[in-house]
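Okay, handing you the structure first.
Letters A, B, C, D and E name the chains as they come in the text, with residue numbers starting at 1 for each one.
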Amino acid sequence: MSDQASTELKQKIVDYLKSQGKAKNRDVAKALGEEKKLVDKAIGELGNEGTIEYLYLDGSYVKLKD
Amino acid sequence: MASDTPLLDELEKGPWPSFVKEIKRSAGKSPKAKDLLGVVEQSYKDKITHWKHGGIVGVTGYGGGVIGRYTDIPEKFPNAEQMHTIRVNHPSGWFYTTKALRTVCDIWEKHGSGLTNMHGSTGDIILLGTDTDQLQPAFNTLTENGFDLGGSGSALRTPSGCVGPARCEWACIDSPHLIYDLTQTFQDELHRPRWPYKFKIKASACPNDCVAAIARADFTIIGTWRDSIRIDQAAVKEYASKGLDIENLIVARCPGQALEYDAKAQKLSVKPQDCLRCMHCISKMTKAIRPGKETGATILIGGKAPILRGAFLSWVLVPFIKVEPPYTEIKELLEKIWDWWDEHGRNRERIAETIGRLGLKDFLKAVDLKPIPQMVYHPRSNPFVFF
Amino acid sequence: MARTDIGPPDYRLMLPETITSNYGKWKYHEILKPGVMKHVSETGDELYTVRAGSPRLVSIDFIRDICDIADKYCDGHLRFTSRFNIELMTPKKENVDGIIGDLKKLGLPIGGIGDCISNIVHTQGWIHCHSAATDASGLVKSIMDELYEYFTEFKLHAKLRIAVACCINMCGAVHCSDLAVVGIHTTPPKVNHEKLASTCEIPSVIASCPTGAIRRHSDKNINSVEVREERCMYCGNCYTVCPSMPLADPDGDGVAIYVGGKVSNSRKPPMFSRLAVPFIPNNPPRWPEVTSILKKIVEVYARDSKKYERLGEWIQRIGWERFFALTNIPFTEQHIDDFTYATETFRATTQFKW
Amino acid sequence: MASDTPLLDELEKGPWPSFVKEIKRSAGKSPKAKDLLGVVEQSYKDKITHWKHGGIVGVTGYGGGVIGRYTDIPEKFPNAEQMHTIRVNHPSGWFYTTKALRTVCDIWEKHGSGLTNMHGSTGDIILLGTDTDQLQPAFNTLTENGFDLGGSGSALRTPSGCVGPARCEWACIDSPHLIYDLTQTFQDELHRPRWPYKFKIKASACPNDCVAAIARADFTIIGTWRDSIRIDQAAVKEYASKGLDIENLIVARCPGQALEYDAKAQKLSVKPQDCLRCMHCISKMTKAIRPGKETGATILIGGKAPILRGAFLSWVLVPFIKVEPPYTEIKELLEKIWDWWDEHGRNRERIAETIGRLGLKDFLKAVDLKPIPQMVYHPRSNPFVFF
Amino acid sequence: MARTDIGPPDYRLMLPETITSNYGKWKYHEILKPGVMKHVSETGDELYTVRAGSPRLVSIDFIRDICDIADKYCDGHLRFTSRFNIELMTPKKENVDGIIGDLKKLGLPIGGIGDCISNIVHTQGWIHCHSAATDASGLVKSIMDELYEYFTEFKLHAKLRIAVACCINMCGAVHCSDLAVVGIHTTPPKVNHEKLASTCEIPSVIASCPTGAIRRHSDKNINSVEVREERCMYCGNCYTVCPSMPLADPDGDGVAIYVGGKVSNSRKPPMFSRLAVPFIPNNPPRWPEVTSILKKIVEVYARDSKKYERLGEWIQRIGWERFFALTNIPFTEQHIDDFTYATETFRATTQFKW
């Protein structure tokens, strides 16, 4: 986890989650047309920053932390 | 005075060590443990669980490692209202110094109920019972002391392996090191759920499979060898003279019919091409027979419990692979598997189920492996073939 | 901010000295007596292991007690096994009796090595899980009390591995155990219509059911689902995705017993456990019907098996029809598979025993 | 002059008797046979069949017994435009007097191509190739001479059985008589299709199964016995003295491990409760070993070819049943099976598929049988049980 | 009006005298030489049987020829076997050579009894069936020419049963034969859009496809169906219910070879045949690739098997990996099952050979 994900990508993810509520990483990547690995990384960082949190019950999703 | 827990008290009797006694020991110091006892007694009365579905609780940055839990009778047992579990990743092979263990105990004395499972059945240290507000502090202190969380949710789960070369003469691979290395390499996959469902890795250093990897791991690594078992004829003679019925108990039980015994000469020989590396003769005549020298592992895919499409035992994927640090080939294989599964897997579908649904053929292509007869018990019998 | 992703401690820092210096050099081992084995290295070094049973659900005081023993005899090292047992290791033969003595003082059984019953792999049950159809710890305690001598003595022809899971999620290797006890529901979920719509996504709930038993509520005014009960096989998958579909029921819940599974590749390939007793209602605190039937199976197996024959290998040799006859367990319609691969289990030969 | 059939001519060469020679023999007398040869030669050239889907042709009162067939190249081979097949029910055991056979030949000389299959793989005499207007006359003459049609379509198919007690020392039931009796009893079911799909009955008088009943019949009757095999020790000695390796070829191959051989005494003994009645020892030592005296049959259900849900071998339904005229129990069982299947079976669904879809449990209830372990190789492994 | 429902002739009227009087009294039999056996009755009577191969597709003149022999030596009786062979029976030992001589004069091979290859169970093919993906009679003739000596001599350790079916409907016991040749299509049906609606019911056509590959034509103006080709496994079920969906194709059609099946319950329970060679294009009139690979398998089996070991038992003992190695047949993705029970065929053990 050396290089940081771009703030631009993270913002796009946050915007997307705002509109979607919850989503799986792979759907975020598809929707944004970004490489999945980059999205995984960016979401990881958003998690460490406390911006998003993980949902689990029927599978795994991320959502913005309320 | 009558006991509050007459039913559980019954379980303090008898020779096997009692978990009730353990809960009571903690109950002396921890109100949470005390109320846990009450909740469980209530279950024993009502014959029903008194735990509700967990809400979403956790520590910052991670999507797992904590199981949220609430009782449905908080009015009766307020201290058990929150009873979250923290899964702590064990050191490979479940070896500990007492210092490390005592540190974990101290942390749990401070931040939780003082109750644990040593260990959970995936292999984690289970710290059983704490409140939401204790999670982050407990986690912080754990990491300060060199411990990290294990997996939960739709993520990689805590890998585990048998004791292997640390204490076993049959180890064909260094299971503790392999598990440690994989765990470290895939920290991100372990802590941040993003897949269709859970994914488990287990490694046993020989086909005896002392961590039940083939039944419980999506990705199963089992030590084996390519050359012949090695037989020490002097030691064979010794077994024979001590009365071991080599003919009936060893030769006749060999599933490959690979062994021959000359009772007169007390000489045991093997047809290496017929040996299935089952371990039977080795296990029973460990002083005389050992695995070959050209060691490595068989990799199998898909083991899991019954939900939803039925249980699966892992299936042969790579019959033989060298297993040496930095384990690049294995790691690359894992990445390819995850990519394919993440792309094609449905929600709550384990890798075996995705393979079952889409066919082994497509899967093999995606992970760059060629079909070989070792992957199947037998070829198809039906004529419904795609070309 | 806290450190993340540091991973578990390096196991190499946890190993006792004798292991570090003989890592990968072990030559052979001997089982000296119940619960005690000696490993001998190519270097000539020896390592004595004493194995003790544990209830697994233990207090930190319990752990500290064990640590005391390890400090006293084992240079401050110990390990746990893949089946929750405790192992104390020492290069010094003379320490063995002291270790055993101190463990016994704690009330712990010495055994579980070799051809015997080891500790029971098990799960949370009423201690912690919302899914539980039975308790795990109480069942384990009751079973191990009943089969205690099979842990502490050599009374079998091979290893016998027991697992207990509190629901069919089977957290453990229940599906491949010599003997397995599984919590099961036998009544369909009771839908909480008031809460359902707010706690769960209706389409996911409907999709979660493998038999298609769940549909939208037929009364359009009720925003909820209903279960076609005759299609429900009580798998609990709907409950896993939706808290408003609980299955637990004091009378409907209980356990099933599966037998004959194994994991090792020794002699026969790994095998699944197979249904022996479809349903025994929960009877806490001691589940006497369960323990007595398990004991019966163990006794028949101990008597009728051949040396080195695992339970499943024994049944394979004598045939399931003989197993049911010898154990006096009734064969019912539930024993006959009706799931995905059912037809593969139907006997397509005239070969059978009377 | 160059042959019209250069490709087929190749198939007159070689030691095995040639079907081409047979077609040519008929072609000398029958224009239909001659044009058939032409159509087939055309297929050999084009590597494609030249037969079209059959239309509905038949005889008055019957829904089957005739397979309609038309070529797609009638312009080239007008005499082969219609090439219908008549299925004639064989006598049990495929025994004939030459008189009966010659009668059939004469009828077919008059009403058809003169070509036949002796026999079709269900067991019928196949009369190969005639015109629509010849069907009824051919049928009339056949019945006048004591022959009737076999089955086709979604009906009972011509039952068949092994030679049994007529010429075999191992027969445990009277397969020819049983088949004859069932065929006579179920004439209506045979000639008037009304079920979801075809239904086949076959009977072998011992587990060697010389009509492949277990693989090819929905309702499979296989002779067996309840008591012990009978061993004649004097004859055992004779086999031994003639050099048969009883230990390795007989005892070691017994699937039940039921045999023991005392090489010194040349004495063979059996543990009857372990015998699986596989026939191996009996077949190989027929002068010394024979089936028990308490004979009857095992009834199995569901054998079929792969279309649609995959092939099935028949499954044990009744482990032991006495088989004596008038076979009432067997007939009642058949009726119950047909009732259930006719009620629940989908179109083109064989009984095995209906059972597979609805579960053996429901089926057993419908046919009044109790579940027993002999019905399965092993009990279920999954926990998805209905109560 | 014609008589109906009279059923077949009573077989008792067809039996030779020796059989009628010894019915159910046979004691043992001996195989005297290829194609000849003697049955001995409790009464002391003897019956000699001579078995001869037949092309099965025979003219009435062929039948009359055989009848002549039966009239000459067998009191006007004969039978056919369940594998289309001809059996001539006589109580008189001295008749045997005459029977053999006359059969040989007709060009018929004597054999098929005991540990050898018997006649091939087969089907219609291009002779009569609209479904055929290959010819049956031509294949049989070519194969039996190649394996002739295995019919007329004892060169094997057990019976070896061959079946040929011209399409996957498998009219015969192809799915349980030691060696099986099956006609297969490898191209999807070619829909005749003009005729389809008038000859077939569109909903039934759609429903007939087990993989759901057929749907209504996407062009609404065309009242027909279309096939999603990637989903089609060429099973031909749509063609069976609808003549306007033919699959036959000169280049796409050919045969597959399955091996190792059996039917008898002797030693091992019955077994299915399993895929050995996925596809060999049709190469009439003699299919040389097919016959040579079958011969190769027979030769390897004859050499490597043990006495009394059927082909499938032999493969079970040595393992499929060894079978493919010994016969030099390449293992391909087609060999791996992907039908309903596919996962049950995946190897769930570390036990295998290199």
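Everything that follows uses one rule, which is that a residue touches a chain if its C-beta (ideal position, glycine included) is under 8 Å from a C-beta of that chain, and two chains touch if they have at least 3 such contacts.
Model, not experiment: these values are computed from the prediction.
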| item | value |
| --- | --- |
| Shortest path length from subunit A to subunit D (each step joins two touching chains) | 2 |
| B-C against A-B, pair bridged by the larger set of C-beta contacts | B-C |
| Centroid spacing, where centroids are CA-atom means, of subunit A and subunit E in whole angstrom | 60 |
| Chain centre separation in whole Å, for subunit C relative to subunit A (CA means) | 38 |
| Centre distance in Å when subunit C and subunit D are each reduced to the mean of their C-alpha atoms | 49 |
| Subunit D and subunit E, separation of their C-alpha mean positions in angstrom | 12 |
| Two or more partner chains touched - positions in subunit B | 53, 60-62, 188, 207, 214, 222, 255, 276-278, 306, 310-311, 313, 348, 381-384 |
| Subunit A: positions in contact with at least two other chains | 1, 48, 57-58 |
| Per-residue overlap in subunit E, given as positions that touch at least 2 other chains | 168, 170, 175, 210, 235, 265, 270, 272, 339, 341, 348-351 |
| Residue ranges of subunit D in contact with subunit E within the complex | 7-8, 10-11, 13-23, 25-26, 33, 36, 39-40, 43-44, 46-54, 59-62, 67, 69, 83, 85, 89-102, 104-106, 108-109, 114-119, 121-123, 128-129, 136, 139-140, 143-144, 146-148, 160, 162-163, 165-169, 171, 174, 176-177, 180, 183-184, 187-188, 191, 207-212, 214-216, 222, 249, 253-255, 276-280, 283-284, 286-287, 305-311, 313, 348 |
| Touching residues on subunit D, where the partner in the complex is subunit C | 207, 214, 222, 224, 226, 255-257, 273-274, 276-278, 298, 300, 302, 312-316, 319-320, 352, 355-356, 359-361, 364, 371-387 |
| Residues of subunit D defined as touching subunit B within the complex | 306, 310-311, 381-384 |
| List of subunit E residues in touch with subunit D within their complex | 1-11, 13-16, 19, 23-24, 26-29, 39, 47, 49, 53-64, 67, 70-71, 76-82, 84, 89, 106-109, 121-123, 125-132, 135, 137-138, 140-142, 144-145, 148, 168-176, 208, 210, 235, 237, 240-241, 243, 248-251, 253, 263-268, 270, 272, 282, 284-286, 307-308, 339-341 |
| Residues of subunit E that touch subunit B when the two form their complex | 168, 170, 175, 182, 184, 186, 210, 233-235, 256, 258, 260-261, 272-276, 278-279, 317, 319-321, 323-324, 331-339, 342-343, 345-354 |
